[in-house]
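Going in written order, the chains are labelled A, B, C and D, and every chain counts its residues from 1.
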Amino acid sequence: MDHNGFFGNWGGAYIPEVLHQTFQELKEEYRKSRRDPAFWQEYISLMSTYSCRPTPLTYAENLTHHFGGAKIYIKREDLNHTGAHKANNVMGQGLLVKRMGKTRVIAETGAGQHGMATATMAAKFGLECTIYMGEEDVLRQRPNVFWMEKMGATVIPVKDGSRTLKDAINQAFRDWVTNVDNTHYVFGTACGPAPFPEMVSWFQSVIGNEAAEQIMKYHGKMPSHIYACVGGGSNAMGIFQRFLGEQGVELIGVEAGGHGADSGAHAIRLSSPDATPGVAQGYKTMFLQNDDGQMKHTHSVAAGLDYVGVSPILSDLWDKNQVRFESATDTEVMQALDLTMKKEGIIPALESSHAFAGAFKEVGQLAKDDAIIINQSGRGDKDIFTIAHAFEDPSWKEFIIDRAREYSK
Amino acid sequence: MQLEQQLREQLRGKDILLMTHIVLGYPSFEVNREVIKQMVESGVDCIEMQIPFSEPMADGPVILKANQDSLAMGTRVDECFSFAAEITRQHNIPFLFMTYYNIIFKYGEEKFFEHAQECGITGLIVPDLPPEMGTSFLALAKSYQIAPILIFTPTSTDKRMRELEKYGNGFIYCVARRGVTGKKSSLDQEFNAYLQRCKNSTKLPLAVGFGIQSKEDIERLKGKADMAVIGSRTIQLVEAEGAEAVGQFIASLR
Amino acid sequence: MDHNGFFGNWGGAYIPEVLHQTFQELKEEYRKSRRDPAFWQEYISLMSTYSCRPTPLTYAENLTHHFGGAKIYIKREDLNHTGAHKANNVMGQGLLVKRMGKTRVIAETGAGQHGMATATMAAKFGLECTIYMGEEDVLRQRPNVFWMEKMGATVIPVKDGSRTLKDAINQAFRDWVTNVDNTHYVFGTACGPAPFPEMVSWFQSVIGNEAAEQIMKYHGKMPSHIYACVGGGSNAMGIFQRFLGEQGVELIGVEAGGHGADSGAHAIRLSSPDATPGVAQGYKTMFLQNDDGQMKHTHSVAAGLDYVGVSPILSDLWDKNQVRFESATDTEVMQALDLTMKKEGIIPALESSHAFAGAFKEVGQLAKDDAIIINQSGRGDKDIFTIAHAFEDPSWKEFIIDRAREYSK
Amino acid sequence: MQLEQQLREQLRGKDILLMTHIVLGYPSFEVNREVIKQMVESGVDCIEMQIPFSEPMADGPVILKANQDSLAMGTRVDECFSFAAEITRQHNIPFLFMTYYNIIFKYGEEKFFEHAQECGITGLIVPDLPPEMGTSFLALAKSYQIAPILIFTPTSTDKRMRELEKYGNGFIYCVARRGVTGKKSSLDQEFNAYLQRCKNSTKLPLAVGFGIQSKEDIERLKGKADMAVIGSRTIQLVEAEGAEAVGQFIASLR
């Protein structure tokens, strides 16, 4: 990151002037913390006593045999407290909030995972908490809303625009400019104005640091490929960073192919020609937008990938050919999820299932004595409403209808 | 310099100037035309015309909705330029564009300035472009003689104000409070102190906006600011009572 | 355990003769494995790469301040893969199944957690899998059924008797006596015929072993009290064992008080006079039964505690005053759950919430320089249907009704 | 010894004996009474009367349901004793109790034996009480002269059979196959080999049960076993056609 927050051509901090001062403070606190080994120590100790770090690296023996190619290892961010890698970022920012002396946090959320994680952190750190969530996502992920409220957070459904993640981000910014004095905006992914992309990636780097040590221990050498799904890009940055520049390690980001790259209903920013450079939500990156610069509607079966932009750091790595980008369609993703459940007894989140789908397309052709790592960013059991729905499970539908009958009385 | 001079000229013989805000294409260019006419005839001194954007992060619910509705009806950036060209020919007050940076970036910065100049636009307000992000923007503004309007806020330190002022031109837009457009601001003692800080930091005319809604608000600003900005209020008025109501409302503010 | 499987007066193996041989083999394999350090090593390595062992011990700072007594630590079995301590037992038995060369597993399940864990293990180990689940529990815990099926298991709703856990156990035995040659019955708790109570407790002992090390590290001395909920007793045995006989450590088992000890609608075996000695489901213990020896209906808001019997090992420890037993009512449990979510950002399972409720009643009176451990046996987000229902959350009801409307079209 | 002698006497002049099963209180003691009458009159040699238990883990769906329904109608253990006393006075064949161990345990083992003896019961079948668990039970059986019926199964090794036989009395109950009561067993070659193993392991009479349903099944057992046990089949018959049908059915088996 240069002093203006850029990574190559991407990034920056396109923020309303009212936030200038708070960003100065944030950058300063971040810089100080990053230089202070005690901070990282406190962070790691928090994550290993409150969440479950280090998360395991699981050898997926059955999937490996099924595809007959390279050995498949799964980095288990699903085992984090609250069920996803989002906890890493949130707890880190929580420590910063404490240092900055702010008393309130806000966050946007798509899948609900980041909202859950933020509400959790706020409960633990005794902070007031408001979560902005696109109305459509509130509908998709009701259970998460219930839990956030139970943990004391206020969840505000955002009814503007496409009523998804990007609109929740706008709304969170509107809150922030209003309550800037006591409020920190816990950005949920490696996007947004600097220093968020770098800072979030830093907190998430714990994933790759652990994975590198683990794969050396179990496999004796570096992996040949690492797959991660890419929504905003935080879990991908989390696992990729440590391996950037490692000889022979290819990094693959898998985007949401939705109904297909040609359908217009997807969220592919880097692996299709549909996105162009733009500036929104505080940063410059590749956006899915029309010729006038108006953002397009996106689609993915995974709420957490259903987003118009992408981490400026990933755009830069894409520019420099350091990360390859692919996509997986909704259908491919459901198949990968199904196979992973049946073969390994593991339920990846729909977001994470994109990484699995991406890997499954290639792993059969890779050398048997190589290993790949799939980053399982979260667990899927939170997605019961989406997954049971997507599989069109008849007894699930019946169950819901029965329950509703009881509630309608 | 153009814009600043024009405002200073207008200030002669007036306690305070009035700037109003419209969202282009909302509810239609037709209505925009009528509203502007009434505004100018009722003595508005300057108008900022917002080119709608899908992600107006600094705007409150009224202007946000106007942006979305305008886009939903198909408003294009090129139409905004044509409309501006027409309007600036008809009315002899300064017209500014207000928009978010992506509209300019995507259009092509230089092309945007070139067309803006051709269309008679004299200033640009871009709420998500701090000067650090706007090096080429500011350079082009200078060469195309279009004033880049910089923004002071209650959270701006004196140091920050002095820095912003270096890049500013035309006037300084002081936002009256933290937050987004639309909600009423209380123009209290703390506000006065802030306004004093603004005044001390720049020689440019000072416009005060965000939540200025009534004659009373404007009275309070007299002597302290050079221009009052009426934003969401007129949009709401048009929504509720139609374009015809605007003239009377503006007249009542003076 | 004596050679007939008794702990004091309790336990034994009251099994149909057709199972005699398979129990001989199981006992032999268990004995061999227990003597073989390589087995335990394999077990620990499995649990630390597939699940998340060691699970953290979390210092609950806010709850501690709230009650103003002893320091509260939480042992985080909720962070296990599949979300509960059940994984410990199931993975251990899975390794035994592999050694015995059986190809099919069956299990009973109440809350669904043990069924989930078993289905997961079966997927991972490539075993056929059938899960018996009381029809009432199928209704309470539908999401778990969905996931079990998705992992390839067959879930059979049991419509006999009270249609809960005990009936599922009977049905599993009926399957077992029929398919004894290729099938292992993965008993889910520290009950049933010997060697299950001891064997399950052994696999669960990993909890207490870790907790002892962790509390010494964080607190510098042994805890004064340890609280665990008691359904069958496996999580309680898991954490208690290591501390038995430790000077100054009091062990407290918290049973399901349901609508209250006097209501008749509860599942209190040891801390009320309602239970008497009996023999059922293959073992001798304190059962909730009538004068004729017919089992009574039980009630708890937590499906996993809604059971007539209790571990014979716990009955023995109760006899010997080595463990104290208390109960918590449904209402107290919901309050404890609510408080824990708000104060710590942690969602205990309804079962585990009994341990929290039990601890909350006492911790305020305990010395500030002491520490207690609450065993959080599982996470509550699986219980969304029960919890949202119990809190009578209006927007949850609305959400379900909306969904049903969509499905009814 | 009592029971064994009685059976051996009955065996004189018969190819094979018949034992039937009823669940006490199901569908009612009334019907039990009528069914037993018909059974005895049609030449049944021995009847096992099941005291219902809420957790009949070794029983299949038919008997399981009978247990539950009986309990749901309020059947008590004491009623089962009174009924037995009445029945054994009326009919001159051996009557056994079949039940699960908890019924005995909870009643008090000694009291149970005492009452059973008073009621004329000559044997006890307890499917969940292997001899290892029944030390006091077996001792009491001896002193009260009530035969404890032990069970051989296809999974029993020769060694296990010899061990079981040491504790057994009256007869040995060979279950024909793995599984619970009710489903048909195929009495094939493998079964014959198993039966031979049973025979080699004991001098006691051999009863074969589990899924014996027809005259054909019974024919197959002749010469190989001493007694055939009809369980679920008569319960189903009573459910479908009433108590009256039992006599004819039993007669048809001979």
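Just so it is clear, a residue touches a chain if its C-beta (ideal position, glycine included) is under 8 Å from a C-beta of that chain, and two chains touch if they have at least 3 such contacts.
Everything quoted here is computed from the prediction, not taken from an experiment.
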Determine the set of chains touching chain B that also touch chain C.
A
Go ahead and note the Å separation of the Cα centroids belonging to chain C and chain D.
37
Could you put a whole-Å number on the gap between the CA centroids of chain B and chain D?
97
Measuring from the mean C-alpha position of chain A to the mean C-alpha position of chain C, what distance in angstrom results?
33
Where in chain B do residues touch at least two different other chains?
none
Thinking of each chain as a vertex joined to the chains it touches, would you call that graph a line, ring, star, complete, or other?
line
In their shared complex, at which residues does chain D touch chain C?
53-60, 64-65, 68, 71, 76-77, 100-103, 105-107, 127-130, 132-133, 150-157, 160, 164, 175, 178-180
Residues of chain C touching chain A in their complex?
48-52, 55-59, 62, 76, 79-83, 119-124, 126, 139, 142-143, 145-147, 149-152, 218, 338, 341-347, 381-382, 384-385, 388, 391, 393, 395-397, 399-405, 407-408
State the interface residues of chain A toward chain B in the complex, per the touch definition above.
4, 12-22, 160-161, 166, 169-170, 173-174, 177-181, 276-282, 284, 287, 289, 291-295
